[in-house]
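Each structure below appears as structure tokens.
Next, two complexes with chain A in common: one pairs it with chain B, the other with chain C.
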Partner chain A sequence: MTTRFAAPTTIEAALAILSADRDARPVAGGTDLVVAARQGRKPLPASIVAIDRIAELAQHGVSDRALVLGGLTTHDWIASSADVAAIWAALADAASIIGSPATRATGTIGGNLMNASPAAETTGPLIVLGANVMLRAIGRGSRIVPVEGLAVAPGRTVASADELLTTVIVPPQPENSGSAYVRLEYRRAMEIAVVGAAARVTLSDDGRIAAARIALTSVAPTVVRAPEAEAALASGTADPSTFRAAAEAAAAAAQPIDDVRASAEYRRAMLVVVVARTLAAAVARARGEAIPMPASRWAHGQEV
Partner chain B sequence: MPELLQLTVDGVALSAAIEPDRTLLRVLRDDLGRTGTKEGCDDSECGACMVLIDGRPVNSCSYLALQAAGCEVTTVEGLAGVEALHPLQRAFLEGGGIQCGFCTPGMLISAVALLARDPDPSEDAIRDGLAGNLCRCTGYQPIVRAVQRAAAEMRGETA
Partner chain C sequence: MSESQGEGAEPAVRPWIRPDGQAKATGQAHYTADLAFSGLAHARLLLAGRVHARIIRIDTARARAMPGVLAILTQDDVPERRYGSFDFVLDRTLFARDVVRFEGEVVAAVAALTPDQAAAAVAAIEVDYADLPPVLDVEAALQPGSPLVHDAIATYAHDLNLDPAGNLAGRSTIVKGDAAGAIAAAPIVVSERYVADMAHPVPIEPHTVTAEWSGDRVTIQSSTQVPFYARTKTAEVLEIPEHRIRVAVSHLGGGFGGKCDFHFEGHVAALARAARRPVRLVLSRREEFLAPDKVTHAMVVDIETGLNEDGTILARRARLILDCGAYASDTPILGQVASMMIAGPYRIPHVDIEALSVYTNRTPSGSVRAPTGPQACWAVEQHHDVLAARVGLDPVEFRRRNLVRDGDEGPTRQRHEGNGAVETLERAVAAILAGGPLGPHEAIGVASGWWFSAPGPSGAFVRIEGDGSGRIVTGAQENGTGAVMALPILAAEELGMRPEDFAITYQDTDAGPYDGGSSGSQTTFNNGRAVVEAAREVRRQLLELAAVALEASVADLELRDGHAGVVGSPDRRISIAELAATAHGGALLLARGSGMPPEAPEHDASMCVGRLGFESFAAPTFFCHAARIRVDPATGIVRTLKVVAATDVGRVLNETGALGQMTGGVVMALGNATTEGTVFGADGRQRNASLLDYKLLTSADAPEIEAIFVEFPASNGGPRGSKGVGEPPIVATAGAVANAIAAATGARVRRLPMTPERVWRAVRTGDDGAAEANAPFGPVPIGAAAGG
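Then we have the complex of A and B:
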């Protein structure tokens, strides 16, 4: 039962409570924390630190060519930013299909990452785009953690209970690169990925694949890189047969589970399709072709 | 320990002493007597509990009431004027956008939020804007048409 509630307006004040009160947990929009409590999956913490009034955490924008997002940046802002769509497209693909308009208006990038769901929409895109987060605690200052190393298990991250995610930093992207995020969905809204894939592909001057990063959603306890698929793309021609070979390598290495949403067998079979279509969208964007946002809708029915 | 919550609901300043785990929906309905806002699923799937907090759509069933302190909350009860219904309410009524009516408060609030940011939405944009609201009567077609009709009226075009 929740007995304590605080709504600090500075990062320092929030950190002081998180440090002094062992039961204290932060809440931003509540679209995961409070929903989980309503569904009976996890009770509310005994002590709640509402961080949504901390103005410094709500700042966002492009600084020195990097995308710098305070932890409170909403999915709505990300989905409607022209800069994100142009440079960090995979992140816009993901932010624009989270939940419903209400989820996107209230849910935050910091919450999505720290909730550490294996189905988290923004995590895969941030991994392939090479993003880092800043975790801050009182007395220890800030440390930088790659998004790839943030989640360690469903609902668990490397952050200690007194640390707060303050900032997400997405670096400038390589020349001749493009990115995309595609999920298999049973419905368009209030959905989470049955399986999903994010990719960033960099093309060389002759149009071949110079480098590729792929991350997979809902096929492991955390969102994971797919090194087998990345290796299958190395120096390959950027065409459907290469995409398919990489997708098959990703599916062969994935370890999905059976649950109420899909069987492991179905997830593995669909991962081949989803990875191939994600690569097709990322390569098209790397060539400067316009793939509409979100790529998930474009990908539906593509022959790849 | 109860905390004092002060907020504005549909233009009226209100307060209540509440426990910190209470949701905004429960406080609106049980403490403040604002029962126009409905409880459907109680876990953010259906949208019947939709309200605006400082203009932004929120599932009030899954929002801590204390996080709305000092905010301007708009419920379905705040849409109509003294003399006339809101154009969306009238369009829903006249166009059959209501069957059992239980989803209607949430549909209306989501439609208000949509039209505030996009006064001339395409049919696809309307469906996206209402994507967090379920109608178990499956009366979606007349709901979409009612939003189109109200949007035209609010833009000053004759319906």
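Then we have the complex of A and C:
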């Protein structure tokens, strides 16, 4: 049961509480915390530090060609930003399909990352886009951690209890690159990824694949890179058979599980589908073709 | 959008905005959990948490000593009364006695000063169990030597039309002619199996009950659809007379049948008496999935049809197994309903359909919106497409040849009058085809069906106040459908007043006369008749007063625009307000209505067993749904693009309300069809008892929905020949979608719900899912939520 509650308005004040009170946990939108508590999966922490009034954490924008997002940036802002859609499209694909309009208006990028769910939508896109986060603690200043190395297990990150995610920094993207995120969704809203895949593909001048990064959602205890699939793409031609080979390599290496949402067999098969579709969308965007947002709703030029 | 058929067409009713709409839309409406009490205590239930076990010991001593605890009850603290829905099988007690039979079974209840204290006390109740082998498979449950859900079943009292034994709670048949002989002689015979999983009603408002005693009387505020029935059962299990119990309902946050029957009123009333305080119970969402014993029936349908080469149906045999869960509830009567649905609105000379209601250690099934209808229609309408393909007929033409028409005979020789079975087919098909050419992986499917109206006793009072305004006092319950809200339309028409001139007093057993509650699509059908009868008596009273005032003969008078006047003489009139003022100096304008229920159509059920009242369908509604869908063959995901719901509702009384029923029914049906369904673990427990993993469709998934009303008034119907409209819209959608999936992919899915994985498997391997066990999966990974 929660017995202590604070709502600081500065980062320093929040960090002071997190440092002094070992039970204290930061809460931004609360969209994971409250749902988990209501379902009896995880009780509310004994001490809550509500960080939603810290104006400094809500700043966001493009700075020095990088996307700099305060931890409180909402999914709704990301989903409706023209800059994000143009340059960091995979992130927009993901932000626009999280939960419902209410979830997106309340939920934050920092919360999504620090909740460390293997089904988190924004993690895969941030990994393939090469994003870093800044973790800050009182007395130790800030450290930079790649999103790829942030989560270590479901619900657990490398951050210590007194650290707060203050900023997400998404670097400028390579020339001739494009990105996308595709998740398998049974329904159009309030959905959890059965499987999902994010990709960033950079094309060489001759149209071949110069570099590719792929991250998979809901197939491991954390969102993970797919090195086998990336290797299968190396120097390949950017066509459906290459995408398919990479997707099959990703599926062969994955260790999906049976649960109430899908069997392992179905997950593995769907991984092939979403990886191939993600690659197709990312390559199309790299070529400057318009793929509507969110990419999850389109395949082979058709709405699905 | 509506179209009149037959005789007696009356002026169209203008759109009617329900009087409770604004309060609900603006958050001002109070639901049961919003009610304030001084000294309120909070209840919490201890649920079994296992599906089948003997209780070795219950020790509440440690829990009783915990802070804030006011009362703890087990079966030892209430009368030892076994009861059952409608007395079909008296197989249960208020709290578990010796054995728990499903995971949501109530073992004990706590009242404490705060919800947290109540939860802590529940956790401190010590129960030792000895697990018993769970009965989870309905077919295995029927085998000799199967473990029994009720080992003392032979000692249970039961309806004399039933013969419960072993794991069989009830058996019924619908029989006509010689189906075995006709099938043996038929040139074409097709046999198939269809299997449906259990689903939930999922009202937005979870079950909520408060109870407060005053002397020997108790007021129970409950989120029930059936206040009078809840009162009857509370009286029975607590052994107190009905007149000492008042059951009242605030606004109800949806029910869909899940709040029919008797749930927690008895527990909370007993707790409040023991705690000597008002007590409130609000189920959590998880408890709402586990504890209320009302889910849709898991069903196994074996169906066989004999056919002529020209597509004429010659005979049908079927065996239906309904999983009734741990307690019989009202499943025995629903076996009859399911059988009538498997026969369907088709000309079939020989019928032999058997329904078995089988006990298992699952959550008890029951009257969820159109109980058994969607599953049965989904099965039989796929079967009909298979039959059509077998004889090379278009599915629409196949139905056209076999659907019932005026004068045809039903499954027990009930005589059909003029009806919309064929016209709804034609209209639905025309409307769906108007959507233009199909895109890649798109297809259209249709399904036809019927559903009964439920004649029953029902009462209402109508009175005119001193200022000429009106009041309806009714026993009917407003379930959110708007049925009660629309009663003023009927009274106003009789009295020449406006609907907004009436107030309604409703859902309070101390105030209104008896009504069967919001169930069986019966509110307008039965209570509407009662209101009309009462209003006609008030009309007579008004006209008598007016005859004196206007010095005219009653026969020359009419009620119009709030006045009584002489027909043809606009100057000779007097306002109802003036007449009401006169009446308040003497004999009041006050009347009761309780129309005799219409009789069931003539039929011959002499060959049927397990007869509980559904050997025929009274004033049946006929309908056809046509669905246009798109399948993603790589993933098995089905998107429904448009549904046309064409329905013969007899007569549209309130088009706004009827449209609401159609729209909501189709969306609910689509969830049942494609994304819902309970997943069980190997231990028999529900694995997706949350809104995260029990996937209702969202508004973003809703397709375009076109409702078409076809009007063939029923001679034995509700007001103006109307038929029930609440349940029919959920029945045919899944069948239409299933047939569209088969048309789009060439693969038939014979397992409901038709989840993406099942569609994908059918497309990939041809496995139709009917042989699949309800997959027991491994543990759910923790932290598998997203958001932020």
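By our rule, the second predicted complex is superposed on the first by the 299 of 304 C-alpha atoms of A that agree within 3 Å, B and C clash if a C-alpha of one lies under 4 Å from a C-alpha of the other, contacts with A are read in each partner's own complex, and residues count from 1 in each chain.
Just so we're on the same page, a contact is a pair of C-beta atoms (placed from the backbone, for glycine too) under 8 Å apart; a residue touches a chain by one contact, two chains touch by 3 or more.
Keep in mind that this is a model prediction, so the values were computed, not measured.
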{"item": "When chain B and chain C are modelled together on chain A, clash or fit", "value": "clash"}
{"item": "Which of chain B and chain C A:Arg188 touches, first, second, both or neither", "value": "both"}
{"item": "Partner chain in contact with A:Pro118 - chain B first, chain C second, else both or neither", "value": "second"}
{"item": "Partner chain in contact with A:Thr31 - chain B first, chain C second, else both or neither", "value": "both"}
{"item": "First, second, both or neither for A:Ile257, with chain B first and chain C second", "value": "second"}
{"item": "Which superposed partner A:Ala290 touches (first chain B, second chain C, both, neither)", "value": "neither"}
{"item": "Partner chain in contact with A:Met1 - chain B first, chain C second, else both or neither", "value": "both"}
{"item": "First, second, both or neither for A:Val273, with chain B first and chain C second", "value": "second"}
{"item": "Chain B versus chain C as contact partner of A:Ser100, first or second or both or neither", "value": "both"}
{"item": "Which of chain B and chain C A:Ala82 touches, first, second, both or neither", "value": "neither"}
{"item": "Shared chain A contacts, counted only where both chain B and chain C touch the same residue", "value": "1, 31, 35, 38-39, 99-100, 103, 188-190"}
{"item": "Of chain A, residues touching chain C in the complex", "value": "1, 28-29, 31-32, 35-36, 38-41, 75, 98-100, 103, 107-122, 154-155, 184-190, 192-193, 218, 221, 257-263, 266, 269-270, 273, 299, 302-304"}
{"item": "Contact footprint of chain A on chain C as seen in their complex", "value": "116, 284-286, 439-441, 630, 632, 634-635, 637, 639, 674-675, 679, 687-688, 690-693, 695, 697-701, 755-757, 760-761, 775, 777-788"}
{"item": "Residues of chain B defined as touching chain A within the complex", "value": "1, 3, 19-21, 23, 42-45, 47, 50, 56-59, 61-64, 66-67, 69, 110, 113-114, 128-129, 131-133"}
{"item": "Interfacial residue positions of chain A with respect to chain B in the complex", "value": "1-5, 7, 27, 30-31, 34-35, 37-39, 44, 48, 50, 52, 99-103, 105-106, 188-190"}
